Every structure is written in structure tokens, then in C-alpha cells.
């Protein structure tokens, strides 16, 4: 149910954008107003979310330790999985953010049913998640060629690397293929793995379809229904130099792409996609296991009702005495 | 609470990086103005409508290449009935020069140098070399 | 006749249906054996908590306060502002499903709401409905769910089916820790008087007498004396076991089960023998006669109230540092919460082993050392005379208790000790030990007998791994360093893998320990004859 | 019993396993079926292990020890899950339909096989009852362990 409704919603947005891309007045809306709104909502919303997380303190020191603690010097300490210093935490976080270490832990190769080595489907979850996120990052950086003039050298370099397999013109970019494959894999996993399907919400599918729509429209524009790149760059550069313009001759497909991207940016701060910022703040990962070495302070600590020794001794006075245990007050 | 400093710093860093196109644009005084091209003096029409050439000149060149190399077919009949010789240096470069025309847009839009020049020679350069 | 048969592929064509209605419906059937009894009003009252009354989970009317919904929502708001973990874990789950099959309750019960992601989603859906813009606006479409009494009952059912073992958090790409969510939801339930007796009675006992079992000072002394007597019978050596002794160097804190339950008791004998042998200047305390902390299973506040005694007593007795016995949840509190809650312990000194001179730098601030750290250091420095053949009747495996493993990282110390005190040590499969260890299924206040079926379900993955080493290596003893493990695993193993006993690490240490001036020992701490001695007799 | 080929036996096993797995909530069923690591999927592993033994015995010697042992692995788990006694042991009767489907040949001695299925179901019920009793026994021994120490103290004090 939620699969179809989210798919239809994305398709409706795409169709509206396509139709609008043909007509005159709505092009200004989609080419200028919507993108500006999207950027503002994205930056403002994400900052708000992060600051709101930051506002809630971390009262207790609760890292999840995944290896041997640092204790006796001759015991082999797992400094990466159980860091005791800031440096170790940084490295642990880097592995988590850049390589999805915990998700990788999930997958394991095993000898099952005889000598055939079998990888669980979890390996593919890790691989496709990694492939998707890295492709997205590279694609984002590549898009700087539209937003920056003159085009920085590293962007051109990155594109050259991405187009390493000189197939066809325009050059086939590896990340284009990878991101589509990864997204499709994640989608089919959500649909086919019954556990994941059971837990999936409308919003999970919506995000996936939105990303797929963006990737598809991008690929269509690059390889199949070519658009006028000079005009596209005019629009993009117009946006970032605050001299917005929507020249005639920009194809409707471009508006589909731009509109879906804008929608994604608007949707971002209100959705689970904020995990991008959240991962850095996760107290089970970003704290060192040094709670016995350094005192962690709880900012909202308050006094609680306790049962003091004096109260205890008073209540059990005779029994303590009879047992021959020392007393504070005879 | 010391971690809030780190979080805010991280957030600011992120914002700085992500808004790079904006502040770079301001700093470089960039405008959205597309490059001014050197247009041919003696010709008014191209081999195809301008809107087509804008999006698909590369496709046309590839079509020409295939036609010439694979089928030995060198004549191209344009949309308005004119017949052209399928030749990059002979036909295209007669009107358009690489530096003043091709490169300007390619650089502007960050489209890498296509591999045309692996085989073909820019006539302008060739002339400089000749004497 | 095979001619008449349909093809193999044809035969095994199977359709699997996925429930279509999803998980939003909140109805729960409270079936006997799968839930814990509600807290008796006297315990709720004694601890000064909300809404003491008689009620049962099977009742239709839970006698909640009339404004229960506001109380819960207010409580949620407060906790969202106080715990970054809570707010973050409500926000960033992407439902990738990596945690789904990591929960021992899911594996054992096959109930989809036991997948960690869904357990958290039970409260996340309410969070979205009342605390996010999209949820307030789009309700169900944004994954929101109304807070109803049924939802509350569902919370009670499923958040008392989580042992806060943190296994899911190891595999989550964002480190989302269901233990954290469970702790907070139990706090919320507690605000309207929904709690279980097996958590609150020990907590009330501990508050009053100093320990969960409600043992009063003279009873405490009796049981320690009893242990001293028994140890004398076994070894011929009369050890000292001082209680409330001012000016001792070290305060020793153990879970109360160690002196009142078996097989914990053999571990206590182990401590006593060891301390005598190394001449440790230590004292028990009848006031701080409990290291374990059932407050952890109820609320942060109660945890702090119960934990308070340890530092207070250390200060009163004027000791230099504190030593802690074998206990899981106790060490979660001591390692990650105590210093924050009741520190700073600036009246104590940085712990130094009086025997080897080793400084325990990893306990610099808290000033509390785990007994396995102490013993491993003793063995490494050759301070103990050990004869591992005394344990030859045991084929031993080690069960990592959740909290020392995932809340501390105490993995190698007990293994190092075991390798030095036994000859036959076997590890369970890799994905069931260390940080991936499976819970006993009875932690976090679920280990009560009325909850036995749920415990048996939760214990299945652990028992399954035990069964593997039992069948493959003939393992007959599972050692662990947790009082709840020692209390509940014998029961679970009796059902799942008969023939495997449960013991503590320091029980085996004392078995192997050759004490100065001991009589000719013929039995181990359980009164079983030493195999080596038997063999010698035959030779 | 006339020879039933290993392939047929395997087909019966897999159909039967599928039928048992169906008694679990849908999405869990898929997990039970797919995950092959015995430590990640103890329930699935128990089925994978027990069922082929039972099928072999059904067409073989019907060795009471082996039948009971194979049933034990499966029923012991079902005895403590959310099943009524009927659901917990009823899976044995699924065999009837499966045999009818698979053994279409007229010479298959269905009558004898059905008798064996009944026999198996009764053993399953025995095992189920034994496990349920054990649930109460282990509860009792837990209580006894809790009391044991206190008793020992008391008896020592009384004696000495």
C-alpha cells in the first residue's frame, strides 16, 4: 500500500514538473522560487535538527564497546573497537562514517552446507549502502561544474576518474550506473525481504523513490534526451550568484530533475534522512570508553532521596549490635 | 557541554562546505552570463537548427564519423536541403574555431575536452605551425 | 515409481505470506508465562513512586491515573530534552533492518515485534505523532500512532521483553541502542505506576537493608561466617572475612546473590580463599551489601538512589579503593554511571594492587576495580600457585555477560584467568561470544519464575551455542561473571542443554589455588573429589 | 516398505519443513527458511536437522529412539513458544497431505504410512508433555536453588 502511494506521489510530482517545464509562468517557480526555498529549508532545517540534538545533553557515558578494554598493559587492547582516547574515537567514527563499520560487522563469510563459501544478504546491504552513499557524494561534487565558474580543477579530475571507462560520448560515468543499481537493490530488498518490508513505512519508500527519480531523470538527461548544458549552467549559476534566470530552451526534463532535488532538500530535515548529521552525535559511538578514567558530568544532575548509613544503623541498631558488628553510635 | 562547541563547529564547517558555490560565486564575482562566442562572419546557417546543435552537436559529429568511417558516405543533407561534406575540419571548423567557439562553452559548462582532438588537428594550430 | 512423481522443483514450490495489516495494531494477549507480575503496592509506596495499587497485566482496567496520557507525553518531552540518546534514536533510524535478527528474543520467540527496530518503533511512532511536525500534520502517513491504553500495554509487554543487552547496538550503523530506549520507556511507564514486582521488590529491599534479598545485617554476617566455616572444612584454613571494618585498604562489594544463592556461593568461597592467600586487607560492608542495581531496570533516578551507598560507605570506612565482584549489570552501573551519579570519589586513592604494585590506571577516577582485573594481574605476576588439574573434571566454556562485554569491554581478563586455572577450555562459536555474545534472556529484571516461558525463548540462542560445545567438546561447565547469569542460566540449561552446569570464574580460581598451609584437599569447592587426587590414589 | 528414492524423501522433507515454518508469523517464516547459520537461527536449524531424520524413519525402521530424539529438537522449542498443544504437535499431521501430493503412485502403501504418522504424532505429544512438565520442573529447581543455601545454613545451625 505505502509502496504504491509513495511511488504515485513521486510520479505525480515528476509529471507536474514536466508539464510545468513546458509552460511559461511555472518555470520561474520551479527554476527559482522552489530551489531557493529548498536550499533555505534544507540548511535551516538541518541546522535546527542538529542544534536541537545538541541542546539535549549527554547525561551519561554510554559507549557500546565492541572489543577488549584498555586495562592491564600486557593484555591486547582493541584500541579501535574500544577506544579510550579522542584519537581512537575519531578513527572509530571515521570508519563508521566512511566505511559503515557496524553494518559490515553484520556480514560474514561462512562455510555452510559444505565447502561453498556463502555470503549473507547482509553483505549486500553493506555493499549497496556504501555504494549508494559514495556515489551520491561523488555525483554531488561532480555537479559543482554547474554551480562554480570557472570549473575547479578537482571537479574535472573527479569526472575524468569517474568516466574512467571511456565508453561512448557522453562518457559513461561509473557512479551513474552504481547509484541506480544500489538504489534498485535497496528498493528490492525493502520489498522482498519480509522482515524489512514489515518494518518499512511510507516515508521509507518515499525517500527511495525520490532518490530514484532524481537519479533516473539525471541519467535520462545525460545519455538519452540531451539538454542544453550551457542553459542549465546559466540557471544553476544564476541561483548561486543571486541573479536568477530561467532562459528559454531548457528542456522540461531538467525541471523534473530540479524539482525532485528541491523536494528532496525540503523533505530532508523532516525525515529519517537527517541520519546524515545524527551519526556524528550518537553517544554509543562518539564517546571513548574512559568512564572509569575521567569523570563524566551530568548537567542536570539533581539530589535524590537516599537511605543513609545513619538511618540504616538506626533501623537495625539492635541487630547490628547482636551480630557483633561495629556501630557508629552505641 | 563542551561537546556543543564541537557540534556547532562541525555544523558551521558543513554549512561552509555545502555553500561553497555561493561564496565562491561572490568571491569570484561570477555571473550567470554565458560565454560570448565568436560567430562565423560569412555564414548565417548551421547544418542543423541551433536548438538541436546546442544539445546534440556531439551526437551529430558521432553520426558523421560513423557514416564516413563505416559506410564511406560523406554527403550530409541538412534540414533545409543543403548538402554538406561530413568533415570536422573541412566543414565545422571552416566557420567555428576551436578556441573561440568550442572551448568556450566546453570550459564554461565543465564538459571535458572530447576525444576529437586525439585524431584531428585544430586547423588554426596547424597554420601556425606550417611556416 | 519415480516416474509417477512430479519434479523436485515442482514439489518444493512454496509460497510465503507476509502479514498485510502490518504492526500498527497494538493489541497484546497476556499469556501466562510470558510476563512478570505487577509491583505490589507496598514496594511502590516504600520507594515513594507513583500510583501504588493492586492490578494485574491481564486486567482490562489497569487503574491508570485519569491524566495518564498527559503524564506520559510530558514525561517524553522531558526526557527528549534531557537525553540526547533518546531524541537522536527517535530521529535517525532508517529501518535498514540490520538489527532485526540480532535480538535473542526475536530468535527465540519468532515474534516480529521483538525485532529491535520494531520494539523501538513502538515508541517512535508515538514520538512522531506528538513531537514532530510531519507526524502532527500527516499522522499515519508519516509513521505516527496515537497513544492509547493498548499502546501502553504493548509497551509494558515488549519493553519487559528486552534485557537491555545492547547486542543490537553493536550492529546498528548509527549505534542506536535499544537498551537506552527500553530504560527510558520503563521510566515513562513508571510515571503512571506500571512496573513489575520482580524489579521493585529487590529495589525496595536494597534501599532499606542494603541488598536485594532484604538480608538484614545479622543475616549478612551469618552467611559470610557460614562461608568461612565451610571454607575451613574444605581447606583446613580459617580465613578472615571482616565486615564494616574501618581503615581497611579495600572495600569489597559483591552482588548479594553471591552470599545467598547457588552456584554463586562457590564464587564467594573463591573470593575468600583468594583474598586470604594474597593477604588482602579488605572489608565487606553490611550497609553496602549489594553491588547489583535493580534501579537500572526501573529508572535512572532509582539507579542513583541505590548506587549511592557504595561511595558513601567507602568514605565512612576510610578505605583507599573499592573492589567489585563478578556481576554484570552491577558493572554496567559501576563502569558507566557511578562516577557521574555519585562521584567524584576524590576521597579515595588511585587503585594499586597491594600484592604486585600494579596501578589500575583504567580506574583512575572511579577508583573501583573489577576482580578479574585484580586476579589476572596476580596471575600474570606469578603471585598465585595454581594447579589447573584440580579442575580437570570440568570441561569449561565462558559466557560473556552482556554488560561487561558491551558496556565495558572486559573480555580478555576472565579468559586469561581461565586459561591459567583449567586445562580444558573451549570457546563457543565466534558470533555468539565477546561483543557478539548472546544474552541469558533473563537480564534487566526479567529473571522471575512467572516469566519462565519468555526466558526460555530468550535463552534459546545462548543455549544453542552451549549445546554446540557440549556436543562437540563435551563441555560440562559454563562459567560466567554475572549474578543474573548464575541465577538463571542453570534453569535455562536444565531445559535446553541438560548436563551443563554453571559456575563462576573465581570458583575455578580457588579450585586450582594451592594455598599455603592447606590441609590435603581432596575436593573442590562444591565438594566434588579432585580428579588429580583420584588418579594419584589409583596410581 | 518399498524403496522411496532419496530425492522424494528430500522433497517430502522440504515440503514438511515449509509447512511447519508456515505456522510462524509470515515474515519470521521467511527468516527461518533463509538464514542457515545455526547460531543466528536456532529454530530454523532445529527444523533443518530434525525433519530429514523423521522422514527417513517414516520410510525406514521407525526406530522409537530416533523418532523421539528428532521430534524432541523441534517440539522442545514449540513447547515454550506461543502455541497451543494442538498447534505445537499438529504439524505431524501435515505429513498426510504432503504424502498424498507427493506419492501419487498407486503402489505407495499409504495405509501403513498413515499409521506411522499417527504413531509419530503420539510420540510428539509425549515429548510435548514431557517438555511442559520440564518447564515446571526447572521453575521448581530454580526455587529450590534459591532456598537451598538458606536450608543448608539452618540445618547446620540445628546440627552444630
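For reference, chains read A, B, C and D in written order, and residue numbers begin at 1 within each chain.
The criterion applied here is as follows: a contact is a pair of C-beta atoms (placed from the backbone, for glycine too) under 8 Å apart; a residue touches a chain by one contact, two chains touch by 3 or more.
The structure displayed is predicted, hence computed values, not measured ones.
Interface comparison, A-D versus A-C: the higher number of contacting C-beta pairs is recorded for A-C. Centre-to-centre spacing of chain A and chain D amounts to 45 Å, using the average Cα coordinate of each chain. With centres defined as mean CA coordinates, chain C is found 68 Å away from chain B. We define each chain's centre as the mean of its Cα atoms; on that basis chain A and chain C are separated by 33 Å. Chain B has its Cα centroid 35 Å from the Cα centroid of chain A. In chain D, 26-31, 35, 37 are the positions where the chain touches two or more neighbouring chains simultaneously.
Among the residues of chain B, none is found touching two or more other chains. Multi-chain contact residues of chain A (touching two or more other chains): 53-54, 57-58, 193-195, 197-198, 281. Applying the touch definition to every pair of chains gives A-B, A-C, A-D, C-D. Chain contact summary for the complex, chain D toward chain A: residues 26-31, 34-37. Residues of chain A that touch chain D in their complex: 110, 112-113, 118, 120-121, 193-195, 197-198.
If you check the complex, the residues on chain A that touch chain C are 49, 52-62, 64-72, 74-76, 78, 81-82, 84, 96, 100, 102-103, 105-106, 108, 122, 125, 129, 193-204, 270-272, 274-275, 278-279, 281-285, 289, 291-298, 300-301, 304-309, 312-313, 315-316, 319-320, 322-326, 328. Of all the residues in chain C, the ones that touch chain D in their complex are 1-2, 4-6, 8, 11-12, 14, 16-19, 31, 33-34, 100-101, 106-112, 222-223, 226, 229, 260-262, 265, 429, 431-432, 449, 452-453, 456-457, 460-461, 464-465, 468, 487-488, 490-492, 494-496. In the complex of the two chains, the chain C residues touching chain A come out as 16, 18-19, 22-23, 48, 80-88, 91-98, 100-101, 112, 115, 117-118, 121, 132-134, 141-143, 166, 169-177, 180, 207-210, 216-218, 221-222, 243-246, 286-287, 300-301, 304-305, 308-309, 312-313, 316, 335-337, 339-341, 343-344, 358, 360-366, 368, 373, 376-377, 380, 405-413, 416, 431, 434-435.
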